[in-house]
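Structures are listed in the sections that come next.
After this come two complexes, each holding chain A, first together with chain B and then together with chain C.
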Partner chain A sequence: MSIIEVNKLTKFYGKARGIENVTFNVDEGEIFGFIGPNGAGKSTTIRLFLGLIHPTGGDAKIFGKDCIQYGPEIRQEIGYLPSEVFYYDRMKVLDLLKYSASFYKKDCTARLHELADIMELDLKRRIDDLSYGNRKKVGIVQGLLHQPKLILLDEPTSGLDPLMQQKFFNLIRQENKRGATIFFSSHILGEVQKMCNRVAIIKDGSIIKIQDIKTLQNENYKKIKITASELDEKRFGVTGVIKLERENGGVSFFYRGDINLIMKLISEQEVSDVTIEEPSLEEIFMHYYE
Partner chain B sequence: MNIFFRELKANFRSLLIWSGIVLLLVLVGFAKFSAYAGNPELLAILDTMPQAMIQAMSLRAFDLTTVTGFYGVMFAYFALMLSIASVMWGSEFISKEERDKTVEFSLSLPVTRGRLITAKTLAAVVDCIVLLIVTWVGTLMGAATYQPDSEFFGFVALSMLALFILQMIFLAIGVFLGCAMKYYKQANSMAVSILLVTFFLSIISGLNKNLEFLKYFSPFNYFNPLDMLNKSRIDIYFVFLSAGIIAVCMVGAYATYSKRDLYI
Partner chain C sequence: MNIYKHEFKMSINSVITWSVSISLLLLVFMSIFSALAVDAAILNETLAKMPKELLTAFGMNGMDLSTVLGFYSFTFLFCQICLAIQASNYGFGLVSLEERDMTADFLLAKPVGRSSILTSKLLAALTGLTITNIVIWISSFVYINLFRGGRTYDTKTLLLLLSSIVLFQLFFLTVGILVSLLMKKVRSVTPLSMALAFGMYVLSAFGGMLGDAKLENITPFKHFDAAYIITNAAYDVPLVLLSVSVIIISITGSYLLYAKRNIRSAV
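What follows is the complex of A and B.
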């Protein structure tokens, strides 16, 4: 069953493009990645889901119901973590969370405290005294306290330190095991790859590609950098290598294909350092535009 | 109910400040009156002031040497103050969510936009009533030392009713602007502009018989303190007109806010 059905969803802000003809489905229990650079239309799509803005064309259905018409009803079962969290200042964290919980038709008290413990959130502090990262933690607790069936995450990890990111990802995985569907928007390919089953790539308001994460990874280029005093870069001129460049004391290139093959080639050389990393999102997009 | 109570709490400081302003106005007013009280010679000074100003503030219509007459003049100031507070609260209660970007939180909760307007408007109504009571009590306390008669108490009570209707008109206008205008800055400045324009219209309409029709466009003219004192009643047609304005504004508020994109 599809939890989210998006059909030719289009949003223009006056003449400015938000998104155009976006179509995809997210199935129940999926962790769906939504990836694209800033300004691609990720937040616009999520705000359309939440009924904060109205579509110019097309429609989006969540739990089989139209996002605008049944907004309040479907939001009972949605947890939302925006990229930037803004809450009422001059309120204590606990009061704000209780306020948020009061809108849901279930008792969220136990889960609220449980989540606050996991995220090491001090409930007694005032919202306006919190750092950016701590506000984000409030956002996480607030978005999850009612155990929603669908969790919308908009660049959730910005402002969280690595340890907290780890806790957060574990939390999301648990929620997913419990049965929640996750819609995960991000511009960091690494975290999407780590978490998601499927991913949609959005650029300039349109979906470029929707793909299984494993396929994407296999298809994907790795960024390889080799440092060595004497190196014959011609040795790396094999199929799957692009953008081979000689750098100060080494070479760098992108490689797509059997990783064992390239490892063999590297091991034949006398190297002082090797890094193999995921290409940045921009580099991936460059590949899509080739 | 949760939105309503949170809003009351959040606006408590603003209510305190406005109460302080009104009480200060009462204090300054009665301090001035202590000079006029039972002192007819001072009235002669008034005649040296520009006619338009005297007309606008109905300075000569009332006997300034009695506490009742003096309150009749003060009414215009109270009307202005309470209206400013109402129109600002009205527009701010809605638009501040967009200003502070909290709207992305408050409207991603399972609430309809209509429910948000209702709760916030009710909270603003309560604040208006509290401010009105502060004005009323302040006035009675200020007047206490001048042995006011029963006519005074009746007049004040009736004028409070008029002030309440004025508050509700401007609150509704403010709520409508907060809901309808996409940019919160426009909503607030437009709200205050409308208030000032209607206030000056009320002055202009009093200056010239040919401009009298303008009084329908200015709520400040709907309830004439002189009539309230002499006839002990407020004009029922203007009550209906006020109710009409409030209804149109509120219907417009619900209709526009539910349909428009939030400014995030």
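What follows is the complex of A and C.
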């Protein structure tokens, strides 16, 4: 069963484009990645799901029901974590979370404290005394305390230290095992790769590609930089290597294919440093335009 | 109910501040009444010599400062200005504050409809304004009886004047909401409410001076003119109905606009 069905969803802000003719489905129990550079329309899509903004064209259905028409009903089962969290500054954390819980039919008290413990959140402090990362934690607890069937994450990890990110991802995996469907928007490919089953790539308001994460990984390029005093870059002119460039004191290129092959080529050289990293999102998108 | 409680808690400090301030204002004015009333004849004489336009500007035309209610109606005008600012503040801020502080995302992602959010917020603001209203009622009766110095007054007329406060507040509250929803973004509430409150006051004060009767008819300062109510012991019914229609249109318009409103994103 599809939890989210998006059909030719379009949003224009006046003349400015938000998204255009976006169509995809998210199945029950999936962790669905939604990836694209800033301004691509990720937040617009999520805000349309939540009924925060109204579509210019097309429609989106969640749990089989229209997002606008049945907004309040479907939001009973949605947890939302925005990229930037803003709460009533003068409230205490606990009061805010209780206020948040008061909107849902079920009793969320136990889960509220459980989540606050996991995220190491001090419930007695005032919102305006919290650091950015701690506010983010409030956002996480607030979004998950009612054990929603669908969790919408909009660039959830910004501002969290690596340890907390880890805890957060574990939490999301647990929610997923419990049966929750996760819609995960991000511009960091790495975290999407770690978490998701499928991924949609959005650019300039349109979906470029919807793909199984494994396929994407296999297709994926590595960015390799080699520093060496004397290097014959022609040695790296094998299949799978693109954008081979000579740099000051070394070479850099993108590589896709058997990693052992390239390792062998590198080890034949006298090198002083090697870095192999995930290409940035822009660099990944590059090959969708070729 | 939870939104109502939350909204009310958020506004309680402001309600207390306004209520206490207005009550103090009434106290200061009424406390000088007993001293003034002794020389009321001279005072009225002096007033009579002043240009009529100036008196109109302060709503003092045809006002008898030697009577309790005559003096009270003069005080009431300042009270109205405060009430107008307070009600406009709540009106302009009702929805726009959440959007400015970006908390609208939090609230609107919850399982509640837009109209029930607006209803809860309206009722919470109305509760706050009613508290201020009650404080004014009590203060007025207490101060008048404290400082009237044996002079009599007509209780019914005073009740009539005080009853006008509800509609007066509703006018500024609802017009404030409507205007804020017509705007894409409200950066700051205070300049808007000042403009609305003083704008309406100036229209009533100087509209009469300019002799253009049409323009001044849109302002609630005219609809609920204290001097008129005290002198005639009645409302100017057509003008009151005009206020009521503005309130109804503003509320209806606000619900329609809010249902369709796009909530701007933080980034």
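The working rule: the second predicted complex is superposed on the first by the 290 of 290 C-alpha atoms of A that agree within 3 Å, B and C clash if a C-alpha of one lies under 4 Å from a C-alpha of the other, contacts with A are read in each partner's own complex, and residues count from 1 in each chain.
Convention: a residue touches a chain if its C-beta (ideal position, glycine included) is under 8 Å from a C-beta of that chain, and two chains touch if they have at least 3 such contacts.
Because the structure is predicted, anything quoted here is derived from the model rather than measured.
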So if we stack both complexes on chain A, do chain B and chain C clash, or do they fit?
-> clash
After superposition on the shared chain, which partner residues are touched by A:Y132: those of chain B (first), chain C (second), both, or neither?
-> neither
So, does A:Y99 touch the first partner chain B, the second partner chain C, both, or neither?
-> both
Applying the touch criterion given at the start, work out whether A:Y80 contacts chain B, chain C, both or neither, answering first, second, both or neither.
-> both
Touch check for A:Y88: first (chain B), second (chain C), both, or neither?
-> both
Do any residues of chain A touch both chain B and chain C, and if so, which are they?
-> 13, 47, 50-54, 71-73, 75-76, 78, 80, 82, 84, 86-90, 99-100, 102-104, 142
Residues on chain A engaged by chain B in the complex (per definition of touch) = 13, 47, 50-54, 71-73, 75-76, 78, 80, 82, 84-91, 99-100, 102-104, 142
Which part of chain C faces chain A closely enough to touch in the complex?
-> 2, 6, 10, 101-106, 108-113, 260, 262-263, 265-267
Going by the contact rule at the top, pick out the chain A residues touching chain C in the complex.
-> 13, 43-44, 47, 50-54, 71-76, 78, 80, 82-84, 86-90, 99-100, 102-104, 142
Contacts from chain B onto chain A in the complex sit at residues 2, 6, 10, 100-105, 107-112, 259-262, 264
